[in-house]
Amino acid sequence: MRKVQLAPSVFGADIVNLKEELKIMEQNNVDLLHVDVMDGAFVNRIAFGSDHIRMLKKHTNIPLDVHMMIERPERYIDSFIDAGADIISIHQESTVMLEHCLQVIKNKGRLAGVVLSPATTPECLRYIMNLVDMVLIMTVNPGEGKQTFMKSMLPKIREVKEMIQDKNIDIEVDGSIDEETAAICLSAGANIFVSGGYIFTDTEKNISILQKILNIPKKHI
Amino acid sequence: MRKVQLAPSVFGADIVNLKEELKIMEQNNVDLLHVDVMDGAFVNRIAFGSDHIRMLKKHTNIPLDVHMMIERPERYIDSFIDAGADIISIHQESTVMLEHCLQVIKNKGRLAGVVLSPATTPECLRYIMNLVDMVLIMTVNPGEGKQTFMKSMLPKIREVKEMIQDKNIDIEVDGSIDEETAAICLSAGANIFVSGGYIFTDTEKNISILQKILNIPKKHI
Amino acid sequence: MRKVQLAPSVFGADIVNLKEELKIMEQNNVDLLHVDVMDGAFVNRIAFGSDHIRMLKKHTNIPLDVHMMIERPERYIDSFIDAGADIISIHQESTVMLEHCLQVIKNKGRLAGVVLSPATTPECLRYIMNLVDMVLIMTVNPGEGKQTFMKSMLPKIREVKEMIQDKNIDIEVDGSIDEETAAICLSAGANIFVSGGYIFTDTEKNISILQKILNIPKKHI
Amino acid sequence: MRKVQLAPSVFGADIVNLKEELKIMEQNNVDLLHVDVMDGAFVNRIAFGSDHIRMLKKHTNIPLDVHMMIERPERYIDSFIDAGADIISIHQESTVMLEHCLQVIKNKGRLAGVVLSPATTPECLRYIMNLVDMVLIMTVNPGEGKQTFMKSMLPKIREVKEMIQDKNIDIEVDGSIDEETAAICLSAGANIFVSGGYIFTDTEKNISILQKILNIPKKHI
Amino acid sequence: MRKVQLAPSVFGADIVNLKEELKIMEQNNVDLLHVDVMDGAFVNRIAFGSDHIRMLKKHTNIPLDVHMMIERPERYIDSFIDAGADIISIHQESTVMLEHCLQVIKNKGRLAGVVLSPATTPECLRYIMNLVDMVLIMTVNPGEGKQTFMKSMLPKIREVKEMIQDKNIDIEVDGSIDEETAAICLSAGANIFVSGGYIFTDTEKNISILQKILNIPKKHI
Amino acid sequence: MRKVQLAPSVFGADIVNLKEELKIMEQNNVDLLHVDVMDGAFVNRIAFGSDHIRMLKKHTNIPLDVHMMIERPERYIDSFIDAGADIISIHQESTVMLEHCLQVIKNKGRLAGVVLSPATTPECLRYIMNLVDMVLIMTVNPGEGKQTFMKSMLPKIREVKEMIQDKNIDIEVDGSIDEETAAICLSAGANIFVSGGYIFTDTEKNISILQKILNIPKKHI
């Protein structure tokens, strides 16, 4: 199985407290920093662009896991990579150039992900597996608030797990991940866990809880 | 003449240092906090949505001056007002419902601005003056980087000044405003000064410089 | 002065009572039947397409005055003319091909109108006057509900009146037209009066009131 | 098997005769009133918005079965529900937020449908079955005129029938449904039958024919 | 097996040398002239419209095989057929009216193709096979430059071959087709071969090489 | 007065005869080669992209005068300049970033034009005159066929002439320019003359006629 990783989502943190939150995340050895990029068109919210990625990169060594929730992401991949994105994930529903997007990311030496919104089946992965480093399975609707974890996505995790077989592909889950839902996603086959609202209500404590549940070793600094 | 005000633009600040920057701005009595909302479609950049407005509002009493650089702003006015926007400015070029947008802002008891991109003439203000609290004149292209102040906008400031006569309407300028350009915009008739990059290279010092040049009294806390 | 005309707007009538309302309008000699075409994109409402125009045409001889509130009206002009539209009015804000739209309407032998939303100035009419049969001045925001008549549009009526001089061009007003506002628009120079909600609360009576105020003679059948 | 229902499509009726047509439909106990909402962008036709739904609701108790043929239906679901829609069906091809749309409909206590255009496979239903009350299978191209029933859709009806197994999900068909095609769709597994043009050429008679063919009992009033 | 055909892509030829290139193609009996139509929106390039099709048609009897890489191709099918297109292929990803597009092409007596971008699975063909004359499988990303043949598309060729069984449907491949890749696509099941850049570096010679490899007989004029 | 120049429009030439037509144009010393770039969205036609510009550049030293009739031209300015465009003209109606577009063209050392569609007034030029090298006044609707010269545009030529005073700005006209209309545009103040259909019906002869009428000296080769 692929290495289990925790990816706190910066959109869940208070923007005015970022310095402090970053410090806690670093001290607690989170694996990735998940950044939601939203354009108010592909999703009903606006947040974070490449300038913010650049600022985050300047302050932390935690790899940046950028989730593109924008229309026509092909317009912006280059600028996000230049700004410091380490992983870039593209929604299957957001582009008619999915393969091209992945190619551009890979050509620049970064990791490429494909995101599946709740209604989307993994069928679209079949002919692009050779370019995919990560499949991000949404367990809530992207860009919406106050939602509950969708148990109906668990079979999708299993289906993707089946499809990737022994390839080096991570399965990330995003949406209402907490101590309970993380555990069932882990069982289903996910190995990267995004968590925003839950973690930042009590950052240090909840990171620890999730790391324990997910059996992620506390590394020494 | 209308009260002269300084409006540092939060997009120019390091997102990881917001707490500290907010504190300096409060201690130095800046009048407004300018927030650039960008969607990657109306302009070539993405930044800040209503969730960020809400977080900023929680931390500061400085009125929030929200500059909507998005397509079809009519979709999002309500959510930005609910999040805490005090002034909302709409680009003339971004909507076919300009009057409607202003009406919605005014009906909710907030101040309404109209923004003019560099090529846009003030002609569009003629039939909506009764709804306008502020005219924001861009002195660089919105959403682009590394630009120099456009002196060709000075006659536009004067033209708008002429149009508003003795109405209670502010004239705001945004784009490469520093000690030199602030002074000439002031002379031309502007009374609200947005400044991002310049201020945040040395926040306290540059706020003071601008306040001095603009003759804004340092209030006691 | 151009002939004064009354144009009840079918969107204000109960769709289930159209037969009866049509009969009243015919018996009371209204001059035009105004039809709002809305696409939920140019305006925030959806209503009536060319199929409905065709059905109305089959039932009445009242000329159909079609108000296109849709994006890219150039796509649909032909089908609305084929369906029976007698006048087609195009929003200046809805197309980058305004002149072309008017040309297509005129080439098919119909009357062509240009609509000005509240924030729009008549400047756009200057180079197309030779193709314009009617200027429709919105006195509320198109496609929105529960609005009050905008007195700020009266100077626009006068400005357009001035521009058209002695050309054969009608000035139509649309938006919260009732006995009071009709009178002041008439004074300002309008000669075609759209009225929806007001008329259809008591169709026969209110048509008569407006006709009297506007000094439109009751013709005998 | 689910209850067999007849759903005359109001778009097929003469808009000027709606009162009379509604009366006949009520007297003949049709089960649903199908309302086509078209925006001239997702399909090449414009028709009916929430205001018309509201008017229809005021006049009849027949449940309103609203077929959204518009781009980005997520913008309008709330207003259609407020206006009185009982069932709202969303085209899979019209939104990148299919699951979210269904969720909004269900949260407001209405029935949610998914529509499949002719080229669309039922694959997209796999992960959202828990939110679906109805699958609408188009048997002609949506929004186009003068078409013949596509027999190639019969295997799709069977495939969907297979997928839903014993879940409480209706299968609706829409497109050139008449006495002949209704029968073969029924055999294939459909249980709700939309019919527009065919019914309204001779409303009472053709409703009766379809009810007989479909074995729908004439209830007493 | 279907007849093997060579389809040089005119976009690969120097536009200033078209007369000469056309002559060579005719003398060497190429089967089809492939024409890329690109709108700078569906793909990142602009090229060739119906006016160019008309000009080509005037000069050659080689059937024109038109590859529509544009958004909403339904807007332009008629004009391309009128201009002389013999085959029109529509990208599955470019329209929500795929079936309708094919129907329009077939109704006008031309051959209809469906194009699959690299990430697209053949699933979308299942319910429209009765209208399809050709499946075009992209072996590079459409509209991009400097790409290498994607071997990962070979299983897709085989999968489509399997789906079409003994129906009269051609399988065309497009993207970095040269002597080496043509051979492996032929083995996988393709029977029409688009080639642009490769052929026009040395037109006569490379046509001959491909014809030889593909075992296409040199017909006498 | 600015130098008078003739700019044959390559879209009017038979694409298969370009080599020959180019030769005639060179031998007859035409001043510019006008290239229409059309995307089927901003106008109802598709033609020529940067790849074609590059090919033309390779074959001729006549400066390329590129007329961008595309939505959001800001996406493609760089690629057209890299391909060899010498002048790039942007439609005022096609972008919300007009000033930015001009800036990008000027920064790359090329000449920048602004195009005015028939309904557009020159008002939009007022604040960008310092960046404009040429104003292109359309004398027919862009992208449409079979049109006649619009005499109503003559006052616009005079108005622009008035606005530019003694600045180094050319006035170009485009649309049904022939021996008759060229003369009246010249009188009105235009100094660059695009001509497509007229010239290429008899290239050498009609170039000569226009050069004579416009008093352009035949230079020796």
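Labels A, B, C, D, E and F are assigned to the chains in the order they are written; within every chain, residues are numbered from 1.
Everything that follows uses one rule, which is that a residue touches a chain if its C-beta (ideal position, glycine included) is under 8 Å from a C-beta of that chain, and two chains touch if they have at least 3 such contacts.
Because the structure is a prediction, the values reported are computed rather than measured.
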**Complete:** Neighbour overlap between chain D and chain E returns A
**Request:** Could you let me know which interface, C-F or A-B, is made of more C-beta pairs in contact?
**Result:** A-B
**Request:** Could you pull out the chain whose C-alpha mean position is farthest off from that of chain E?
**Result:** B
**Asked** Using mean CA coordinates as chain centres, what's the chain D-chain F distance in Å?
**Response** 52
**Prompt:** How many angstrom lie between the CA centroids of chain A and chain E, rounded to a whole number?
**Reply:** 38
**Prompt:** How big is the gap, in whole Å, between where the Cα atoms of chain C centre and where those of chain D centre?
**Reply:** 34
**Asked** Counting only residues that touch at least 2 other chains, which ones in chain E make the list?
**Response** 75, 123
**Prompt:** Which chains are in touch, pair by pair?
**Reply:** A-B, A-D, A-E, B-C, B-F, C-D, C-F, D-E, E-F
**Message:** Please output the residues of chain D touching chain E within their complex, sorted ascending.
**Reply:** 42-44, 91, 93-94, 117-121, 123, 141, 144, 152-153, 155-156
**Asked** Given the complex with chain A, which residues does chain B contribute to the contact?
**Response** 11, 14-20, 22, 37-41, 45-52, 55-56, 58-59, 70-71, 75-76
**Request:** Flag every residue of chain A that touches chain E in the complex, lowest number first.
**Result:** 74, 92, 96-100, 103, 123-124, 126-130
